[in-house]
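Multiple structures are listed underneath, in structure tokens.
The two complexes that follow have chain A in common; it is paired with chain B in the first and with chain C in the second.
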Partner chain A sequence: MHTTRRDLFKFIGGSAVGALFTPAPWRLITDTALWSENWPGIPRPARGEIKTKFTNCALCPAGCGVRARCVGEQPVSLAGVASHPLSRGALCPFGLAGHHLPYHPERVKAGDAQGAAAAVREAVAKCAGNERIAVLDLRPGRTASWTYRRALAGVKNGLYVAAPQPLGGWAVDLAKARTVISFGVPVLDGWGTPGNVLQARANFRLVQVEPVQSRTAILADEWLQVEPDVAAATAIVKERAANGPVLVLADWPELLALNQPGETIAPRQEAPVPDSWKTAAPVTELSDVPNASIRALLIDESVPGAYIPWSEIETKLVRDNPMVVAFGPSRAGYGRHARFTIPTPVYPELTDDIPPAVDCPGTAFRVSAPLLPPPGGVVSPADFIAGLGGLDAANALRERADAIHKSGRGAVFTYADAKSTPVKELQPDDFWKALNEGACWIGNSATMPARSGRGPALPREPRPLGSGHQDSGFTVVFTGSQPGLLVSPILSKLYQESNLRLARNGAVLHPDSARSCGVEDGSRAFLETPLGQCAVEVALDPSVPPGFVQVAAGPEVLDICGASLRARVVRA
Partner chain B sequence: MRIPGKLLFLAGMLAALGVGWVGFPLAIYKSRPQPVDFSHKVHAEKAGSSCEDCHAFRADGTFSGIPTLDKCAGCHAAPMGATVVEKKFIEQYVTPNREPQWASYARQPENVYFSHITHVKAAQLKCEQCHGDQKSNDKPRLYQEDRISGYSRDIWGRPSSRVPLRTEGGMTMGDCVACHRERGLEHSCLDCHK
Partner chain C sequence: MIAENRKNKTARYAMAIDVDRCTGCGACMVACAVENNIPPAHEGATERKGITWIRVFKVNSGPHAAFVPVLCQQCGEDPPCVHVCPQQAVEVDPATGIVGQMPERCLGCRYCMAACPYHARYFNWWDPEWPAGMEKALNPDVAPRMRGVVEKCNFCHGRWHAARQRAAAEGKKEIQPGDYVPACVEACPAGTIQFGDLNDPASAVAAASKAAGSFRLLEKLGTEPKIYYHSRRDWVRGIADAPQPPMGKENARG
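This part shows the complex of A and B:
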């Protein structure tokens, strides 16, 4: 039998015609279309029983109550807890999107924890008499902070360094203030507990003193577009004192000292701790640490807190081969300078407590109970550092809760039923269970302690606030109050596209300022200081006064600015 | 000897028809058995269970779907009979508290909204209307999944391509459209699709 090429084509032609009368080609077309709807990277909504869980947000010291809607075990939306005595049912945009953070593209999930532990132990062994093994705690006052202090008491030359507290460790009672004078503090934009601030807002007059028209300045009753020195600031405060109690908010102790202690401001109070913890290492401020004295530094940035410019930290490290370990969910913060970055659980995976916020004058204790299990490979900094000191701190939170229960003070507000129960009526196990299922312990009724007569301490060397324009460049004004905060990518995109939030690499200038340094709207530039430079994208805004540059308070910018608030903008 | 051209064309056509109608449906689906040889028949007849005993609505109106191990363990913490299937189920799943990885024949794609409570309580549809008569089912059939789209064979494709071929309602889009059309409920794509 002889087969030609023509025969083959006839067979193929018949097959092609026949195929059209079968489901195969049509099915392949539709299946391929469906396949494109099911790419492996497309997120799939969780399925399962709808549950409600409660916890406390650990993204900032406000620690707002959180009601999480979960499908199965997966949180799919977060909301505030209605009638919460501290957060008043509110949750900020960062908190609303907190459940996205475990999937953040910048998240680090693997690190050499064993290598870091070995390196720290080696550093401890090599540590000379005048050298220190230090832990820098960016959010002091937590149970983890006590764990660090206890562990360091057992480490040779251990030193516990706490980041400066907002308002110098003082708490304010907004409900008592009739006038709030804020010197650049973003009162209505991420400062304090959002729900508490909004509730108190109706009862006080807000005077915002800052050179740039921030969002707080826009919403204030009065905006003073000045950059006052201490004398001028004192005059502003005295002028408004006749209207009732005045609360002065500022980052500078000179201005904080204008407050009347016991009236609207009081020392921040801490929840009780077990007596056995009180032999822990003392709290030291970074400024009190001698230069070139830290051999190994462990930085806990697992929860967002204060940010200290790297240049200030670097001067405290020994000159020859210091060891820096950063604990954090990303490398965006101190991980850029550390030899080891150890990944940590991120909210809402972590188990941590939240000390009282700056606008909570009473004692409070809340636990951020995990809504999701942390992935393998992440390390709790408290466990790591406790291990260095030979301390078993696995039950530290429980011990703290028992100490609070033992004090018999205060009441527990449980989120599921919105009930307040006196601690005395609860068994220790029930108290602990309530804290883990969403509750807040309030030690007293948030009233101000009696007048102590002593206000915030004056600094040793008063620092003039007026910048004076003595050198070249612009005065830097920061926006945002959470430099180390990991933000849900979808949220930051929405914020930035709607111009509600300045991007981490954004710099805003007055058109005249931009012209003077040769940059245009949307152009690339460098923000330059004696400590270095970082790339920025320029935006023009006539509401920023000439001579100022407004930037987001991100780690890169804070690092190059250091204590100086002057920077040049240089065309890229 | 030379084969006539028309015959070759016809042979090609028949070969394609055979491959398209017989070979292709076999090749496009991959099959896997269910983790447990669960008998609806035994549960319906011997235990006297109804569908709602295991496939219940939750208090908030959502449908529980395939019951979780907790539900099964409620009765089968210890063997109730002497069957090998039950013994294996207890050994492999109940005792180690391991959830069986059931494959859901009826799982709709992510782009579909389907509310059981609307169909069962409001429209008064019987479970059999879509799921077929499961009460006589003594062993779960193989789960068949489209190799390309990843969808269950029960929910995607024309009703005539379903296995086993059924004349009553089903769970394909064609079935849904036919039923809605019959009841005058055909409004728009977004009634069911996200």
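This part shows the complex of A and C:
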């Protein structure tokens, strides 16, 4: 048989066509795809023994119970603790991704702690009689707060300054309210203990009074889209008081004072502390500190808490070369203004306790036990400040737990078995062990004071309501504040890959407002006040009324706004 | 519910979402991303190029608004995405009714994305990247996907496998209700989402699917989705027919 070149080509062509009808090419594609799935650039999840650990979330004062699914010792997902008496099984989106915080790209992992200690000691030595060495605690009421107070009692001219507490230090009892009238408070958007608020929601009528359509306004029974002055706000409250106990939530003292102590509010109670701690330095509010009197200021922002605009702090510092040390996981907060930023452990590496939230009328004590060891180079602010005062506070949490146990009050709810055990039935070691393995101590419920009792303590400088539009610019409305300086990078699902929440540098305007200041959807602009300016990215939303700008309450924006609620939007 | 009450032996997993309860907090979106090893946004990702297997939309109607979680609607017997896939990378699991995506078969042609009327499929425009160290926190039950493939909600299929393994270890033949719950359902603090088997007439989801005020998205297309929504408000139910957005722009915010 004579084979020609044509036969050869026919054979090759026929083989190629025939191969298409065999499984070979499809197998080749599948194998290639499988191989590409194992591309070396794609991380492989670690495998190991699956364990369950329990702790309490330290990202906000709610302190929700947390069930962590761990591979070996590494937490890979977090969930709420079902049947938790305070958090009711809920966890907010920030808490659900809290185990990512140790790996945040903006986290600070090294700082000059020795240099800071030397500088503070030098400042103490130089401190004149009318000057102070102060600690600013953004989340007071913790055991660490007591450590600061005890340490400062032993420091020359030591001063303990606590950030203002919501509702002037009073707690609310949502279960007793029939009507909740909220003046711009994000009741259904992370306020209080979210799980508790959502469970109590069925029993009260919610009236939301605010000019911008917030999440809470959307879900309220009644949304009053107004910016009332004090008289109008008081009228709104009195009109609805006939339907049963009313709870008024607001940032303004005149409105807070409309609450009747004994009905829906009660003084916040603190868990017992050892008697020996009671000689600690007193609690001072920043507004009570004389201007230009703080020589050295140590700011604890290691756990998320209230943010005080820098301009309010700066006026309290001495004019010549004040020394500011910020303790935090990032330089995004007060670290921008401090001489030293000392890195601290972040949740879930830190060991801290969580005082009761604003919607917890009783006493409670929870420990955020670490799920991961902190890296080398981070410093606990409590250890640092205790060292300045020559105090050994390494066992402060244990001492506090022993004091609670000694009181014999209340019961401890353990997460692993969902059981509540009276404290009296436990040995001190068992109580301490339970707290560290995921538990919540709940003391006796608050005893409501008499109806004629004193109302919430009022801030010294009330912020005017309905101040009108005296100057040019927009009324600033804050929304969607994130807990603390760091949030998990996965939260980009909410503010970059969707528009569900406002990014830290986002500003939302009505299309007419945007037109008036020459900005467009997605354009860069500056938010400008007499205190400064910060860059924002503009989004348009017709649900924001003309004349308002909605911004996320990040440190940069809060710093430039200060006490003012007016800002201009300037095209970049 | 016990197996005797079921119409047949296979399951037809479904969700019932009460729109009136959704607070728009986004816990479901975060829990989903954590569970399914979806990476944080690439620098260039936007709401069009990002990956959110479940996404909560804010829907406005005059002064009113509502939050509507939208995920793969788990269409019935013949989903459009299955129909168009040249690679058989999408198929309906006859045992569960779940429309599954097999990324290792996917060529990245994105026909399925074009065919999906719910825009519930997402393309990996970039290699998955996590900040240094964060890959230690990945879920070991789910493999990360590579650049160039499509992915979507699969009702946390890894959890279904884990539940089956647990049931087998305990000597049970079937998963009991409550043993298998997707991450978004578990995470929702408002109890907005119910999950269960439609073939189990005693399940809460079966009851919710027949309740007054229940609706499905784009029902007129005949895709037979297994995600049931519920609202007492007429205008919310009206969004199921996808009227033209008033601004002429899709997804203005939310």
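Methods note: the second predicted complex is superposed on the first by the 504 of 572 C-alpha atoms of A that agree within 3 Å, B and C clash if a C-alpha of one lies under 4 Å from a C-alpha of the other, contacts with A are read in each partner's own complex, and residues count from 1 in each chain.
Quick note on the criterion: a contact is a pair of C-beta atoms (placed from the backbone, for glycine too) under 8 Å apart; a residue touches a chain by one contact, two chains touch by 3 or more.
Everything numeric in this text was worked out from a predicted model, so none of it was measured.
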Notebook entry, point to check: Should A:Arg27 be classified as contacting the first partner (chain B), the second (chain C), both, or neither?
Noted result: first
Item checked: Comparing the two partners chain B and chain C, which touches a greater set of residues in chain A -> C
Next item on the list: Please indicate which partner A:Ser15 is in contact with in the superposed arrangement: first for chain B, second for chain C, both, or neither.
Entry: first
Margin query: Contacts for A:Pro93 in the overlay, against chain B (first) and chain C (second): which applies, first, second, both or neither?
Written below: second
Next item on the list: Would you check which partner chain A:Leu494 touches, where first means chain B only, second means chain C only, and both and neither mean what they say?
Entry: second
Next item on the list: Return first, second, both or neither, reflecting whether A:Arg6 touches chain B, chain C, both chains, or no partner chain.
Entry: first
Note to self: I'd like to check the shared interface: which positions of chain A are touched by both chain B and chain C across the two complexes?
What the structure shows: 30, 34, 37, 45, 47
Notebook entry, point to check: In their shared complex, at which residues does chain B touch chain A?
Noted result: 1-3, 5, 8-17, 19-21, 24-25, 28, 58, 60, 62, 64-65, 109-111, 146, 148-151, 156-158, 161
Next item on the list: Please name which positions on chain A make contact with chain B in the complex.
Entry: 1-3, 6-7, 10-19, 21-24, 27-28, 30-32, 34-35, 37-38, 44-45, 47, 49-50
Checklist line | Residue numbers on chain C that touch chain A, as the complex places them | finding: 23-27, 29-31, 33-35, 37-38, 40-41, 45-47, 49-52, 55-56, 58, 60, 63-67, 87, 103-107, 127-128, 130-146, 183, 186-187, 189-191, 247, 251-254
Margin query: List the residues on chain A that touch chain C in their complex, please.
Written below: 29-30, 33-34, 36-37, 39, 41-43, 45-48, 71, 74-80, 89-93, 96-97, 99-100, 102-105, 188-190, 194-195, 198, 213, 215, 218-219, 223, 225, 488-494, 496-501, 508, 539-543
